[in-house]
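Here is the structure we will look at, set down as structure tokens.
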Amino acid sequence: MAGLGDSTGKAEMNDLLLSVAEQLKVPLITIARQAELGQVTGSVDISEIVAIQTQADAALTLVDSYLLGLELLREQTSLALEPVSVSSTLVDTAHDLYRYARQYGIKLELDVAGKYAPVMAHPHGLQSALLSLGYALVEAQAVQEDGDRTLLLAAHRTSHGVVAGVYGNYPDVHAEQWHKALELCGRARQPFAALSSGSGAGLFVADAILQAMSTRLRVGRHLKQVGLSTTLQASRQLQFV
Amino acid sequence: MSNILFIEPNTLLAQAYTKGLRRDGHIVNHVLGAQTGIHAADTQSPDLVILELELPGHNGVEFLHEFRSYMEWQEVPAILLTNLPPGRVGEPGDLAMQDLGIKAVLYKPKTTLQKLLRTVREQLALS
Amino acid sequence: MNQIVTTGIVLGRIDYGEADRILTFLTPDQGKVRLMAKGVRRIKSKLAGGIELFSVSHITFIRGRAEIGTLISTRLDKHYGHIVANLDRTMLGYELIRQLHKRTEDQSDAEYFEILHQVFEALDDVTVPLPIIQLWFLAQILRFGGHMPNLQTNDQGQALKSSDTYDFNFETMAFNSSGQGRFTPDQIKFLRLVFAGHAPGALANVQGGAELARNLVPLVEQLSYRNP
């Protein structure tokens, strides 16, 4: 993304805002209808209260991640990166995502075995990005009509660095579609229809946050599952100790 | 009791609508997308379809295009319950909408459960 | 029996009995053909393969004695997946297919395939505004139907001027000068480009093209209604 100060950067952030605003309708409508159901029936099921809470959390996470992305992109040239453990971040993400995934009947799995060098990242930014990605992919997995309802949060090492990602059963997801989706963010109502029936804002917010850290989301694979991941550079600091 | 085929990709949102429709005495068959919508209609022929246009993979227009190609489903009324803003979809009187058998267009953010139930009752009474 | 191999765009499908379907294809060389797909079980055929909306397929068929031939095979050549990523584009695409299907009821001219093909290409490209695609489609239908408006001279036979505004006379199918005419020289110039058959993608590069098209669609729609 171009610098926020110039017209290209502003247009892209505008597109992202449109995407976020459109996505926020979903949890808000769900909350409104669940609340109305309670009024109509005169009683409220505990499951309905949990649904309301998880939807509210999802909406807040999206807004929060969007605002963080905006802030990090503004500071991009002076952003303070520090050594961050990818494994710990993925574990924390899984904890935060658990309740939402359970609401949608999605099982979470972690694959962070192995020793990974810390990576240079903005700690809050990396976690927000992975959480934002996680929320979006839970929803995407929930609408897959066939197959396994499991989401995998995983890390692995490559020659370029440590790859952290979220993966699932998405048979129609390809790199070309993701590139096209990035162009269509905020300009098409379903920029990535293979993954999201809505605006897919969580995916693009995650990508925006990662951009501030000089990396991006890309379509990746882990143990035969497909998803979106990012490659992070190992911290060299410890090498000089 | 009427059989309603309800195509809505968001499970939690669908739960609220489904509970309301069942409470109003309807049998509701909820599915997530276009393909399972066709399968579901095959299993239990619906008296009415409620659908979101913005579906994963194949969208609601593609679903209705396929659905209407079967003789036994050509007269089944369809109600759109969609996130697509008003004016972007068209009106039930438009020729394309008539072809697709769309009898009512409801904008989700402005459609309460009560409004949906009222619209369902109206369309079932007309059909 | 000779098998015909060609490409086709599905205009419509209808169930026929328990296991057969009749598909109507628009082809570039055979015009509009109705083909029976025998024994195509519902579950497998739905929403998949070479018979989806917004697809161009390779088809092989045998002509029948009656109007309906027999479909031997289909293979997807291109599916315009970006059209369905945006429902506005899907709705317009569906509407234009519907209009073309109706318009070619008694005709089988091969040019209509190219019109629809170009419409799909344009709808699939999100940089091409919808009013341009709609205007282009209507204009090409009029052009191939031999109902082109006069875009060079007014109804008195005088060359149109770039300083005047005009109203349109449906009787003479020409513009006439008017002190406070509805149509500007820029709009008329754009209409010339559209009726000349320039692709929608090229028309999208004209500055202000979307707005020009939006203002011209009602006129060209009227022309269509009057010249079915």
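Brief remarks on what is shown
Each chain carries a letter (A, B and C) given by its place in the written order, and its residues are counted from 1.
The rule is short, and it goes like this: contacts are C-beta pairs under 8 Å (C-beta built on N, C-alpha and C of every residue); 3 or more make two chains touch, one makes a residue touch a chain.
From a predicted model like this one, the values you see are computed outputs, not experimental measurements.
Taken together, the touching pairs cover every possible pairing of the chains.
Innermost chain of the displayed assembly, by C-alpha centre distance to the whole-protein C-alpha centre, is B. Subunit A and subunit B have CA centres that are 30 Å apart. Centre-to-centre spacing of subunit A and subunit C amounts to 40 Å, using the average Cα coordinate of each chain.
Subunit B and subunit C have Cα centroids separated by 29 Å.
Those residues of subunit C in touch with two or more other chains are numbered 84, 87-88. Touching of two or more other chains is recorded for residues 35, 54, 59, 84 of subunit B. In subunit A, 189-190, 193 are the positions where the chain touches two or more neighbouring chains simultaneously. For subunit B in complex with subunit C, the touching residues are 34-35, 38-39, 42, 53-54, 58-63, 65-66, 69-71, 84, 88-90, 94-96, 99-100. Within the complex formed with subunit A, the subunit C residues making contact are 81-82, 84-88, 126.
Here subunit A touches subunit B in the complex through residues 22, 25-26, 28-30, 32-34, 36-37, 40-41, 48, 51, 54-55, 103-105, 139-140, 142-145, 172, 189-190, 193-198, going by the rule given at the top.
Per the touch definition, subunit C reaches subunit B in the complex via residues 12-15, 21, 42-43, 46-48, 52-53, 84, 87-88, 90-91, 94-95, 98. The residues of subunit B lying in touch with subunit A in their complex are 9-13, 15-17, 19-20, 23, 32-33, 35-36, 52, 54-57, 59, 83-84, 108-109, 112-114.
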